[in-house]
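What follows is subunit A paired twice: with subunit B in the first complex and subunit C in the second.
Here is the complex of A and B:
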């Protein structure tokens, strides 16, 4: 029995990793396939990377997705952070109701939000495009930035604020020089998470994308009708590479700051 | 002060002139049916800036259009979608005087049942829904939908993951018309499709061509275009329009009521009806053109590919999927039953 338990942990870990990464490995491997299928290996080639980079539709979709992700993540993080600080630091009536409403988009079915948003934009006559896409993505990512920053803010020692005030800092100075730097890692992770959520979003985008603003996931989905080629794999492989690079840069900086004090 | 005024005036003049000369066209079309090169050529020749968005199904496009002003000037609906959109008042009646090349349409396409005389739409490309098999696995060439129910290929049969397509097979294998509205016929087809699940490897409308080429699948239901992509590299894959009829589809261009750049939309329709343009588009997208003169310009491997241009006698028997009206609900309920059956 003891032996079984001893084996269980590494085995479960291994199975977990295989489950998580096997599809990604297969995807990346077939990006280098010479043939046009994603099932049979026909030799090594880089041709699909050239195809993916040369596809104007995919490039346009990528551009839209990046613009929307950055804008939506910045807005959602700013709103989420302000709301989180208000909830943690200030007493006000209806605080619990306010907190619940902030995370409501998390429990509401996304399709309902999407239809509602579409109806609202049509009713107000706002043209579908970047504006509606960003608004929709902000809506679904606010709960995440709010929850992350609230968790970090409630872990802050309230005496730090008092100490800052004691040393002559006004509210603004205390916020900019004490609270904000302490929350920076949480705000950065909230931003990154919101950006990823926006980049992945499909349901909201389907309803509120407009002329010339088809985001990448929808662009890829539309190509499925004519069949999957390794072009999509090549694109996926490049996106994974960019992600890994970003994580390495962020982690590298984090590790360096960790080492500095010692 | 004066300098500023001159600067401002010239700047606004510049803005005005550039706005006037930059003609625009917003196209919303099926992915993979209008090659990028065709759009580029059109822009180069006319100076019209084209914004090109794609969709994966008629339903996606209809959702955008019925929500209100979508911003699109030209759309590419399939036959039954033309009927639905026209009924809802979402399409403009076409002015044939602005499409001189409309005369290039092949005779059968001029009198299509869903839109006789091209009141709402101009056909662009067409294709069929049938099935395909791999010779390595299937020894005697099948000619009937029954091949998709054959227990000897158990686990290696794939159906399109598409309600209308699945019902073409389900209805025709029972000897019914593929566009039926009779509840009892739809019910019978539903039973057949549930029965079929025992031998099915799965539903797939994305890479079924690859599964067939690799030998993982023996028989797959499919659209001719996707199969044509595979037959080019693997001659063992054969496309069949079943004896029961199969079905034919046509995607064409139409102008939504809410379109703003109507003149540009007409220019594009007229451009794509030119024989040499139609031939280039058909060759690049490996699909069948509606322009007779264009067919003669195609290279042999496209013009004589049975997966693209099936034999004419077979084509005469193919059903046309039209708007089934209120019966849509019967299909949807049946399809839910099929997908959830064990």
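Here is the complex of A and C:
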């Protein structure tokens, strides 16, 4: 019995990690397969990458996704950062309620948020398009930028502000020359994560994308329903590469700060 | 005095963008959804404002009951599967992995950040009739013919587990990581077997993490819709599909709004319940 438990935990962990990574490895490997199927290996080829990059629908979707991700991430980061600074640095009534409101989109079912946005556009007559996509992605990204910057800001030593004041800096100078530079890496991480969240978003986009502004995940979804070709593998491999790059930038920073002796 | 007023203005300026976006994008839309759920459907696929319970009456008829039960069941089974797989992983990272803990956590986050639709297409590649899994099983002689995997309930559960496993592991790991290791030594000294010390020390102390994991899996799982459509063939209708169909295919907004309100109500009850239990646990410990 004891032996069984001793083995169960590491075995479950191993199986769990194989489960997490095997599908991604298979996806990427078959992106380089010369054949039409994802079964038989027929030699190395980059043809599917060329095909994915040449697909007009996917390219249009990519353009929409990039524009929306950059705009939504910039807005969500600015909004989340100001909210985080207010919570950490300023006294005000109802702080807990405010924080709950900021994190709410993370906990509520996303489909309800999407329905809310769609119904609001119907009610106000706002046309679906870039504006509604960006607004929806901002909504689901704010919790992340808020939480990341709040964590970084509450880790700052409050004596830094006092020191800046003692040295004759006014509030604005202290903020621009002390607080902001110290928060810059966290703000950059927040921006990158918000951009990834927007780029990956599926549920909100299903409801509020308009004609001609279909983002990439919805284009991929339409392609998946009609049938699988290694074109999707090639596209997936490229997206995985971009995502992993972003993760390495963000996590590399955290790993460095973790190693730093405090 | 002036300084205080300027300070208040600054606070207001910092709060304004987030409050404005929360009110415009979250609070008002949800209020409109509630209003729509009491509206009448007009013949053009829009909604005529008024106060009628017609949508709710339609919703509580027998044909919609199985959809609610399907969703609750899928959410419950998915949560259970995630806990059974996720708990040992969190336990291993927190208590056994030693210096590899950081690496394992980082690896866990990679699939979490990879495009959702890409992760799902990876499973479609694996589980398809001519997919990698089928050809491997046929090649190894375990089965003679490729079997249908996409479109089955286990395939949906695999997709759910894949989507929610990191979300399950992280809060449980956080709870186990904060565990005072001396408690386990004390249990050992007092003659507890490893199994006893797990059930009577480790597991109870990890419960706040388990509860957070249940919240983070169960609530989104009730509203999920892409996974059952892609991996389950969309055969068993659940709340997520129903909402999408009512809004985007059938243009029955009042009924769709009513389904959304019910989903929101169920989620809110679970979230508030979770916060209550968490507070009482914290008070009991303090």
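A few points about this structure:
By definition in this document, the second predicted complex is superposed on the first by the 222 of 262 C-alpha atoms of A that agree within 3 Å, B and C clash if a C-alpha of one lies under 4 Å from a C-alpha of the other, contacts with A are read in each partner's own complex, and residues count from 1 in each chain.
Throughout what follows, contacts are C-beta pairs under 8 Å (C-beta built on N, C-alpha and C of every residue); 3 or more make two chains touch, one makes a residue touch a chain.
Everything numeric in this text was worked out from a predicted model, so none of it was measured.
In the superposed model, A:34 makes contact with neither subunit B nor subunit C. Of the two partner chains, subunit C is the only one that A:120 touches; subunit B does not reach it. Applying the stated contact rule after C-alpha superposition, one finds that A:102 touches subunit C and leaves subunit B untouched. Looking at the shared chain after the overlay, A:151 reaches neither subunit B nor subunit C.
In the superposition on chain A, contact of A:206 is made with both subunit B and subunit C. Between subunit B and subunit C, more residues of subunit A are touched by C.
When the shared chain is aligned, subunit B comes close enough to touch A:57, but subunit C does not.
Looking at the shared chain after the overlay, A:78 reaches subunit C, while subunit B stays out of its contact range.
After overlaying the two complexes on the shared chain, residue contacts for A:228 are found with subunit B and with subunit C alike.
Of the two partner chains placed by superposition, A:241 touches none, neither subunit B nor subunit C. Residues 37-40, 118-119, 122, 206-207, 221, 224-225, 228 of subunit A touch subunit B in one complex and subunit C in the other.
Against subunit C, in their complex, subunit A makes its touches with residues 1-2, 5-6, 8-10, 12-13, 15-17, 19-24, 26-27, 30, 37-40, 78-80, 82-83, 85-86, 90-92, 98, 101-102, 104-105, 107-113, 115-120, 122-123, 135-136, 138-139, 142, 146, 171, 193, 196, 199-200, 202-203, 206-207, 217, 220-221, 224-225, 228, 232-233, 235-236, 239-240, 243-244, 246-247, 251, 255, 258. Of all residues in subunit B, only 26, 28, 30-33, 36, 51-57, 60, 63, 67-72, 205-207, 209-211, 213-214, 216, 225-226, 229, 233 touch subunit A in the complex they form.
Listed in rising order, the residues of subunit C touching subunit A in the complex are 7, 10-11, 13-15, 17-19, 21-22, 25-26, 28-30, 32-33, 36, 46-47, 85-86, 88-89, 91-93, 96, 102, 104, 106-111, 113-126, 128, 130-132, 134-135, 161-162, 165, 193-195, 198, 215-216, 219-220, 222-226, 230, 239-240, 243-244, 247-248, 253, 256-257, 260, 263-264, 267, 271.
Those residues of subunit A lying in contact with subunit B across their complex are 35-40, 55-57, 118-119, 122, 127-129, 206-207, 209-212, 214, 219, 221-228.
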